[in-house]
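As written, the chain order gives the labels A, B, C and D, with residue 1 at the start of each chain.
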Amino acid sequence: MSIRERLSGNEAVATAMKQINPDVVAAFPITPSTEIPQYFSTFVSNGLVDTEFVAVESEHSAMTACIGAEAAGARAMTATSANGLSLMWEMIYIASSLRLPIVMSLVNRAVSGPLNIHNDHSDAMGVRDAGWIMLFSENNQEAYDNMVMAHRIAENKDVLLPLMVCQDGFITSHSIENIELIEDDKVKEFVGQYKPEHYLLNKKEPIAVGPLDLQAYLFEHKFQQAEAMRNAKKVIAEVSADFEKLTGRKYSFFEEYKLDDAETAIVCMNSTAGTAKAVVDELRAKGEKVGLLKIRMFRPFPSEEIAKALSHLKAVAVLDKSDSLNGAGGALFEDVASAMYVSGNNVPMASYVYGIGGRDTKTDDIEGVYNDLAEIAKAGKVENPYRYFGLRG
Amino acid sequence: MSIRERLSGNEAVATAMKQINPDVVAAFPITPSTEIPQYFSTFVSNGLVDTEFVAVESEHSAMTACIGAEAAGARAMTATSANGLSLMWEMIYIASSLRLPIVMSLVNRAVSGPLNIHNDHSDAMGVRDAGWIMLFSENNQEAYDNMVMAHRIAENKDVLLPLMVCQDGFITSHSIENIELIEDDKVKEFVGQYKPEHYLLNKKEPIAVGPLDLQAYLFEHKFQQAEAMRNAKKVIAEVSADFEKLTGRKYSFFEEYKLDDAETAIVCMNSTAGTAKAVVDELRAKGEKVGLLKIRMFRPFPSEEIAKALSHLKAVAVLDKSDSLNGAGGALFEDVASAMYVSGNNVPMASYVYGIGGRDTKTDDIEGVYNDLAEIAKAGKVENPYRYFGLRG
Amino acid sequence: MSIRERLSGNEAVATAMKQINPDVVAAFPITPSTEIPQYFSTFVSNGLVDTEFVAVESEHSAMTACIGAEAAGARAMTATSANGLSLMWEMIYIASSLRLPIVMSLVNRAVSGPLNIHNDHSDAMGVRDAGWIMLFSENNQEAYDNMVMAHRIAENKDVLLPLMVCQDGFITSHSIENIELIEDDKVKEFVGQYKPEHYLLNKKEPIAVGPLDLQAYLFEHKFQQAEAMRNAKKVIAEVSADFEKLTGRKYSFFEEYKLDDAETAIVCMNSTAGTAKAVVDELRAKGEKVGLLKIRMFRPFPSEEIAKALSHLKAVAVLDKSDSLNGAGGALFEDVASAMYVSGNNVPMASYVYGIGGRDTKTDDIEGVYNDLAEIAKAGKVENPYRYFGLRG
Amino acid sequence: MSIRERLSGNEAVATAMKQINPDVVAAFPITPSTEIPQYFSTFVSNGLVDTEFVAVESEHSAMTACIGAEAAGARAMTATSANGLSLMWEMIYIASSLRLPIVMSLVNRAVSGPLNIHNDHSDAMGVRDAGWIMLFSENNQEAYDNMVMAHRIAENKDVLLPLMVCQDGFITSHSIENIELIEDDKVKEFVGQYKPEHYLLNKKEPIAVGPLDLQAYLFEHKFQQAEAMRNAKKVIAEVSADFEKLTGRKYSFFEEYKLDDAETAIVCMNSTAGTAKAVVDELRAKGEKVGLLKIRMFRPFPSEEIAKALSHLKAVAVLDKSDSLNGAGGALFEDVASAMYVSGNNVPMASYVYGIGGRDTKTDDIEGVYNDLAEIAKAGKVENPYRYFGLRG
């Protein structure tokens, strides 16, 4: 029997971490993820977990400590946001290339500057090539569930990659919502014990970690890393299936909301999907055939599957909560457009940048996008594919 | 009359910096760009420039010092590579969002880990959304020329964005080649004086730089930043045209090498283009209609222009010297594929990841890609669009 | 019943710390004290103590963490040596002026440069004005015993000053000797619980710690600090008396070894006293009236008591294992000479600097000093009062 | 012909530095010495000196940069105060033990905590054993003159030790007084060129600086350092004699003010001497035989000379603007008492701690001390030798 609770997104993540009881947590506080290490260090102090909490002196050190811990053979976790992630950037790449299945809670916030503490996805988008598995979460329940699944995915022998679970800063991290928690023992059993194959503290197999890797082999090692990312798809599917058995909650690479018979659809991530679903319901009530594709698994990117799921539509809008500043559409838009191109589709598609720096995303805004899509579908083409919504007039 | 010299790529950049004589250079040494601050600090010591050289204690500080200098009203430059860029990552975003036209020489090298000091483009690709203008350079001449054009572009009132000039570590940074230098006084005249509109040391207009920018306006400021990036296209075209008048050397957003009548083509950046041109010539000699599109202006990305230039082809290969590790093709491939999709093209196209960590790129490898393209053109479709070349068997 | 063991000096200190079970230990490893945090962190890992072990990123942070912990209301300990102490120097003064009874194990080692990891007292001498109580230890037993007494002294309401227990690096820190340990429960009872009067985590009394303290009151606060140091004498005497009741081991401000009827004597600290005692015994066997005064309580300095204890002698040698580099005798010599002057004595007295950077101190060397003293006693005056022994010829 | 000016103490020091035109200045700003690097960096910017100004990121780095510069063969200077000195503490010892004649302006300020930015001598007293030559300055003229003499002393082949010139923060550093400056060319000639014998940039003699120096030789190297400190006395005398020839201004190890025929005297340093002289004049006018001994050369400490100069008195007060917190008198008091003891004197002597944290020192206070001395002289002994003045009642 699951446990009904009312928790904020940060509380949900901290609760998952408590149930997982990792060997090491190393973190440095930064808004809006501060509560996570704060709650967790309280769990440590109160003996609810037997984790080694490393109170590091910067985010660069937080990731470094996680790397050291994982290399040693321990299960390590951290949490951060925005410029915390920026400061650990050097180590983010090292974590993944050393194939260390660290799990991070990234509470998305606008990367400075100028200084802004509110939500957008610029932090996550900045590390989308870093070799981390990235799962996005619409609400506290999904953040919790992704967290519970994280180690099983990351630590799988065919994967061995770090993984971050994203959720929207303040919007879900600080909002209290109903949640169904899994019992402690079931989480423990589901997550299982970490049994690294190679690790520094294994006396029987002395190894070096992170030595010089010049022209002779780095390419092959990066290829293995890319293979691991490809393998992650299968593993994520399997773990999600197991999770469904345990909880009844089904997680795919993405969620298709009334997409089957839709003529137009929005593609988005995290909390915006909740707003969009409300709009879809409303428009459906008016007889409009609109749908939604909410991406959960952003890395690896399920190109083929997404292209297939969108192929029957007459118009698609991809929503990016971050501007790539490249003069050519948001990062998610490019991923989807590229996937569509490779699959030979030619559904008219527009890029929408929105919600930067905590700008509210309202149902009216989303409805406006569906209206745009209706026009695009009618015209059979997109005049100006790179758009914004929510900007002051 | 230009000056004929024989210089390495690093020497070429340092020479350009000497001729530009910026107000401030702040840099921390890292292979393979170390020589640039080394040469430059010698120029300072010998009185050849009157630049303030700030010997910072980390790359994070290097970019911070450049930001401070530019905010104060000075023209600031730096140089770095790979993990130097990683450590300054937090400040990279701040530089662009504060709209400070800092100019950086990025000598491309594989970002760790594991530790590798050789060339690939993983460092540049990691900042492709950071709001910096990014110019790539096939050889020392282009690195020099881009550097001479840099400030005119970055400091333009319609742009005001930082700019980085990329070249391949060791491959061009350390290879001595012939080069045509512009006379000092002509460079001085071409680059002109920096006349910032708003700056901290202007006593007549006290301003604050980088304060809190919450939900009310950050989106609008990011939009202005995106607009500036879009404006950069026009400005880059204008400055390049002026440069052609001065030197006779023509620079467009990209170079089309025997592309007009080609049936298949490779898209790539930096030194690989040199190798590819040799292969194109060779294959052309055999009667094969192959061409090349070498991207110079990577940010802003000339989507429309590239899509148009590739639209007549029967098959295209996009070469990425970095793996996006997303299970869905390299970063440049996605940019091109997305551009093609938006433009309504459907030329068969394949992503090739190659040359990681300094792996040699040989004419045989490039010829292999053209052979693949011939097959794809014949088949009219791509079976496996995500490919590698140069990997050990 | 005490427990007979064989432990090194570092093990003895770590054992005392285990029995004390402080709230917080924050330390950064440095030879030769590295073993102390190493042993202690193992105790933490194995659950033998419930201390919060803070794995800081420098010695500056180690002392800062101890300051924060004590200010919060916790009992905090650390250990360091030589340049570790140097790097925490800024915080050393802050610890004492904030009246925080932190306890440190200082394993004495030569302060760089050039780099030397061996024993002398230059580290301790460098902080002799810093407002810390300083207890010196001849051997592992004394290091252990001083550690057990430390908190009772430091935390006394009339004292509230940090305290460091010194012992000689390698000479005693790494030598295994017999030791009598006190039972865990008796140590626990002896040390007692820490009950701070004012502390940050006391919700009932919100306070600020370490604010600006300008001309109006700093002098008064320093006076209180000086008073506390003077009060420490009485408290050290009381705690030592209690300790004697518990263990039978008597500790005074200094140990007088065959001093009563001596005509000449050596004054020294730490392990050299052991060597000197052997020489005293040997010379006494030959009928020479020699004695020894071994200082245990170096800060506060028992001027009056020492002056009295030396007043009957015909010649005194004060041994400094560190050179004050002032052209005027070692630090301990000055303390003793000043005390003698104030007390109106005029016993001929010589300063000997010896044992710098781990130079061995042999019985021959000590015998040589007693021979010198015999000559001085005979002459009734000192020709050259500033001397060295153990220097290469 | 000298130049009459009106300058603050900081301006005087900065002016001396400008005239000296050292190769390198590395400094980090801290009150009240901030103005010195500020003025100096302006001189650099304006081309008045050709010094390399290193804008370091902490005081630890400031001293490290000076060490690097001097080791390389350059003349290096810095300035700091209080906690700036504390943070460079580790490097302070390394500078002297590597025998690098760095010159520092120390503008004395109370070392934290709690935080106080005003004058006392706790910063200087904390490094009195560090192997630096220490010259104290009553006013801006002396600070300037000591600075002009500094390199000649420090760089002398028989010395080769770093040297700091002290003056009282705010009291003299920020007070504008008349000053006689020496003409630029005469300063240049007086200071001379720095011609190091061994240095890293000497291609003809490759050397290592600061390597491991274990038990075999560190003692001998420290002995050489102590010898160098002893040699400094002679050199300081010679340089001061030369300086007198140049300027007519006479500097000895200490200044005897109406001491010859005095019956009681005060010993003090820095600006308090100015106040004391006024009191001496006043009391002399009333027929009281009072005098003053103002110490200029604090390290090396002129023990013998001071003992001799005080030997005829009936009572002496030694004023310490810092409390040694050892329960046994101030640092200067101990130096003097020890010197007196060694010389066989027995003049009654009292230690006065005063002026801590910027507490004003008034003529009344000083007069009170002379009154005390009159009583002591009458009694022929000191009842309570460890005293304070200026404390709130």
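The definition used in the following text is that a residue touches a chain if its C-beta (ideal position, glycine included) is under 8 Å from a C-beta of that chain, and two chains touch if they have at least 3 such contacts.
Bear in mind that the values here come from a model prediction, so they are computed numbers and not experimental data.
Touch-path distance (fewest steps) from chain B to chain C is 2.
The set of chains in contact with chain B as well as chain D is empty. Just one of A-B, A-C or C-D has an interface built like that of B-D, with over half of its contact pairs in common by residue number: A-C. The chain with its C-alpha centre at the largest distance from the centre of chain A is D. Look at where the CA atoms of chain A average out and do the same for chain B: the two points lie 30 Å apart. Inter-chain spacing, taken between the CA centroids of chain A and chain C, is 55 Å.
Taking the mean of the C-alpha atoms as each chain's centre, chain A and chain D sit 61 Å apart. For chain D, residues touching at least two other chains: there are none.
Contact topology of the protein chains: cyclic, one closed ring where each chain has exactly two touching partners.
Chains touching one another form the pairs A-B, A-C, B-D, C-D.
Partner chain C is touched in their complex by these residues of chain A: 45, 52, 54-57, 61. On the chain D side of its complex with chain C, the touching residues are 83, 86-87, 89-90, 93-94, 96-98, 110-118, 122, 125-126, 128-131, 210-215, 217-223, 225-226, 229-230, 232-233, 299-303, 322-329, 331, 333-335, 337-342, 344, 346, 349, 353, 355-360, 381-382, 385, 388, 390-392.
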